[in-house]
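Below you'll find a set of structures to go through.
Shared between the two complexes below is chain A, which has chain B as its partner in the first and chain C in the second.
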Partner chain A sequence: MIVVVGAGPAGIAAALRAQECGARVTVIDDNPNPGGQIWRGDDENSWVARFRSSGIPLLSSTRVVAVDVEARSLLVETDGVSGRLSWKKLVLATGSRELFLPFPGWTLPGVFGVGGLQALAKTGLPVAGKRIVLGGTGPLLLAVGAYLRQHGADVKLIAEQANIQSLAGFAPELLRHPRKVLQGASLQWAIAGTPYRTGCWIDSAEGVNKLERVTVRSGRDIWTEDCDYAGVAWGLTPNTELLESLGPEPEDVYVAGSGEVDLSFVEGEIAGLNAAGYPERTVLLAPKLEKARGFAAALATTFALRDELRHLAKPDTIVCRCEDVTYGELRKFTSFRAAKLQTRCGMGPCQGRICGPANEFLFGWETGTVRPPVFPAKIATLFSDAPLPADTTGQPDTKEITS
Partner chain B sequence: MTRISINGHQVSVPPGTMLASALLGSGAFRFRNSVSGEPRAPLCGMGVCFECRVTVDGHPHARSCQVPVREGMEVNT
Partner chain C sequence: MRVMVCEESGIIGGGATAAGMGHLAVMDDSEAQFALTSYSQMLWRELAAELPASAEYLTCGALWVAADEEELVEVHRKHRFYTARGVPVEVLDSRQLSAAEPHLRAGLAGGLRMPADSVCYPPCAAAWLLGGIPVAFGRRVVAASGSGVEFEDGTNLKAPVIVLATGAAIRRLVPSAPVAPRKGHLLITDRYPGFLNHQIIELGYLKSAHATESDSVAFNAQPRSTGQILIGSSRQFGAEDSGIDSRILARMLARAVEYMPELRDLSAIRAWTGFRAATPDKVPLIGRAPGMPGVWLATGHEGLGISTSLATARLLADEILGRDSAIPRSPYNPERTFVH
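Right, the complex of A and B next:
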């Protein structure tokens, strides 16, 4: 039995390839619908449709909170039920989340990750007439800018930190990917009329108890933009918590995805074939892998974060939002471990998911120190070997999920 | 429309709205107080940052960006 964690492009590709080889596969994802960050809830996407009609079981709204490598089992939790699921081969396709860099005022209500702002808008946050500034880097800024405009927002500025020279350097790579050029062209159409400044970034956010304006910088020019919401995008950071909890070189565990969509997909295909025991079939995917890697590498170079961004945080800027630990406090330490012990940085409910990557960027610290459970789990889940009677404790029913 | 109560005030939102979106839409900006007393509101919109925690039907620490609204839900920020 192959268990795939994550039903994004990588997980879907892994599951379909493994099934093609005749393997038994189950997929787990903590969202209600398959598709991952990019295709979520998009039933028109042909891969999501293929996955749905494949007959591969999907445990949706189910999250993996720990992996036991010795026992080859996963501790999973879903609404009201939790238990263990055993695997012979495990594919981790857990994707990525947004990276956040601290700057003065980033804790003000009204400052979001651009992906987060889009997710909120898609789930009922009215944006019509709202004045919005987007800042950071990468194609996601344009995609979300276009989405917000289509829904009536007044997108006042899109500030791209990369400079025009590096964007121009990206053009030849785009030409090798005609489908992406089309995507890019339609995005440009959708944001026509919105100022898009390169070599430009949000320096700080200001307001009393909520966002009122941002200060923007481009070269020597500094100005403010009044706004209701700001969306920031500094790139993505992979969800490596489960993998890190496994220790070095775990057997029969395959990892795929977390990057740009085409690369995630082909990595998923490869992981699926390997897990199903057909590594020789991956040879055919080599050209596809190389092409996807080329594009992903060009993206990474074009939208590399500039050094100035390391200096946005001031001594009183909060870095760890769970425990309110400031840049000034953290800068006294030489490692994340030391900072954690002395300041509780990274020890709040997000378990360092937000401040960990920020600390890596600011100080060059290694921060991968997540311990199971990788998500705050219900107590019942942690003791799921010893089922609690639901009627007497009022706790969720706990049972063994057999596969 | 789905009716929910936000700090005692009745609000109607389209069914399927996520609680965080409903709260922001209704003008709520202080979802929780940080350990030093600052107002905080959603950041990530995808269940990672824990900034959107509110009390739902008496249960504290619900991540409102992951909770769809339900008829009669009582929310306190």
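Right, the complex of A and C next:
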């Protein structure tokens, strides 16, 4: 049995490829629907549709919270039920999460990650007529800007921190990826009329109890924009917790998905073929992989974060939201562990998933050792030895999953 | 006296001190243990008002839980022991126990309440205790003698008095020290203010703590001032890897849920491990290092090194300065356990 964790592009690709080779596959994802961050709920997406009609069992709303390496089983939670799921081959396609960098006011209600803002808009947050400023870096700013405009938002500004020179360097890369150019063109149409400023970023967010305006900076210019919401995008951090909790060089474990969608997809295909025992078939995917890698690498250099962003936080700016630890308190320490032990930074329910990468960026600290549970988990789950009950999965053949 | 602390890591309180439960207990395994823990608890009480809020000092009291009649006999024995020595304690019957801790399972035999026991957050308490004393961070001591210490990089620091307080790592410096690392697991939950009132320890713990060979688990739970619940604990000899042993963790949690069924639905946010410095007679090594003039030891505190830290420091300082001590020092003299 191949178990794939994550039903984003990488997980879907892995599962479909493995099934193609005749392997038995089960996919787990902690969301109610397949598609991952980018295709979630998008039933028009042909891959999501193919996955749905493939008959591959999906344990949705199911989260892997720990791994029992010796027993080769995952400890999972679904809808309050705890259980174990055994694997022969494991594909980790757990994707990434949004990176948050602290700046004054970033914890005010009304400030979101752009991904989060889009997800909220999709699930009912009214955006029509709302004044919105987006800031940070990467194509995601444009994509979300376009989406919000289409839904009636007044997107007042898109502030891209990368400067025009590095964006210009990106153009040839776009030409090598025609599909992306098309995507880019339609995006441009959707956001026509929205100011897109390069070399520009949100310096601070202000408001009493909730966001009222942001202060924006571009070179020597500083001005404010009144707004109801702000969306920030600083890039993504891969979810490596499960992989790390498997220890060094785990056997029969395949990893796929590292951020950019095309690269994640092809990595998923390769992982699926390898897990199914057909490594020779991956050869055909080499050109696709190389192309996707080239594009991902170009993205990474184009949208590399500028140094100024390390200095946005003020002494009273909160860095760890779970435990209310400020930049000023953290600055006194020389390592993450020292800061953590003395200030509780990273000790809350998110276990540094949010502030860890921010601390790495701000101070150059190495953060975090992964310990089970990798996500907050019911205590009962951590000593559960029951196979996952089939009736919670809604899938007829899942009784076999522990075999 | 001029004092300097050498610490191989860059962190204060990053050893066992960052892993322990921080229960400031009085215990009665032996007269020596009782004398040291009760003296130390008094010293903690004296400091309490000065401790910073980050030390999270909280006099929540401890509750020893008896599951059956056999363990209830132990409750009464402890009651007599402590009462005879002037320590306030209270025997609870089954009903009173439920009232004191409503989330304990029904039908437990009874318990012993020790209202003066406290808890703290050891890393911040340690940093505060250190105050302005200079620390040489990142300096690993590889050899020690009465004339000073030698660091990993070959440099030396001269000093007439050397105290080795390296916890479970003592054998790297004093190979003949009878101290073995004893691994323990703990787990902390999200915040549930009011769920728990006391530091709770099952009396079956005695069976666990005294077993010297096999792996054991026992139910311990502690209310943190954050509203979190800290759950312990396990004891393993011969386990050197600091990773979580998922089987031991599972056994430990299953044991906790036996005592407090509603724990099963609480959200666990992190588990970790630490190493206690265990001695054969369960009494710490405080005093001159045998055969090493000028070198003193302060280690071997097993699961009580936070409780007994202040008393340990007093006894050592008294001995080094040639002063009398509040309690006899001889029971802790390392000489007793060294094999020559």
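As a convention for this text, the second predicted complex is superposed on the first by the 383 of 403 C-alpha atoms of A that agree within 3 Å, B and C clash if a C-alpha of one lies under 4 Å from a C-alpha of the other, contacts with A are read in each partner's own complex, and residues count from 1 in each chain.
Criterion: a contact is a pair of C-beta atoms (placed from the backbone, for glycine too) under 8 Å apart; a residue touches a chain by one contact, two chains touch by 3 or more.
The structure displayed is predicted, hence computed values, not measured ones.
Engineer: Applying the touch criterion given at the start, work out whether A:Gly257 contacts chain B, chain C, both or neither, answering first, second, both or neither.
Structural biologist: Neither partner.
Engineer: Between chain B (first) and chain C (second), which does A:Val111 come into contact with in this model arrangement: first, second, both, or neither?
Structural biologist: A:Val111 sits against chain B, while chain C stays out of touch.
Engineer: Touching A:Ala119 in the superposition: chain B (first), chain C (second), both, neither?
Structural biologist: first
Engineer: Quick one: classify A:Asp324 as touching chain B (first), chain C (second), both or neither.
Structural biologist: The answer is first: A:Asp324 touches chain B but not chain C.
Engineer: Identify the partner contact of A:Pro349: answer first if only chain B is touched, second if only chain C is, both if each is, neither if none is.
Structural biologist: both
Engineer: Under the stated touch criterion, which partner chain does A:Arg337 make contact with: chain B (first), chain C (second), both, or neither?
Structural biologist: second
Engineer: Residue by residue on chain A, keep only those touching chain B in one complex and chain C in the other, then list them.
Structural biologist: Common to the two interfaces on chain A: residues 348-349.
Engineer: What residues on chain C touch chain A, complex-wise?
Structural biologist: Interface residues on chain C, with respect to chain A: 10-14, 18, 54, 123-124, 127, 137, 187, 189-190, 231, 243-244, 246-247, 249-251, 253-254, 256-257, 263-272.
Engineer: Give every residue of chain A touching chain B within the complex, in rising order.
Structural biologist: Touching chain B from chain A are residues 30, 97-98, 100, 107, 109-113, 115-121, 123-126, 209-210, 318, 321-324, 348-350, 353-354.
Engineer: Can you tell me which positions in chain B touch chain A when the two form their complex?
Structural biologist: 13-14, 16-18, 20-22, 24-25, 29-31, 34-36, 38-51, 53, 61, 65
Engineer: Show me the residue ranges of chain A that touch chain C in the complex, using the header's touch definition.
Structural biologist: Residues in contact with chain C: 66-70, 247, 334-335, 337-338, 341-342, 347-349, 351, 371-373, 376-380, 382-383, 385.
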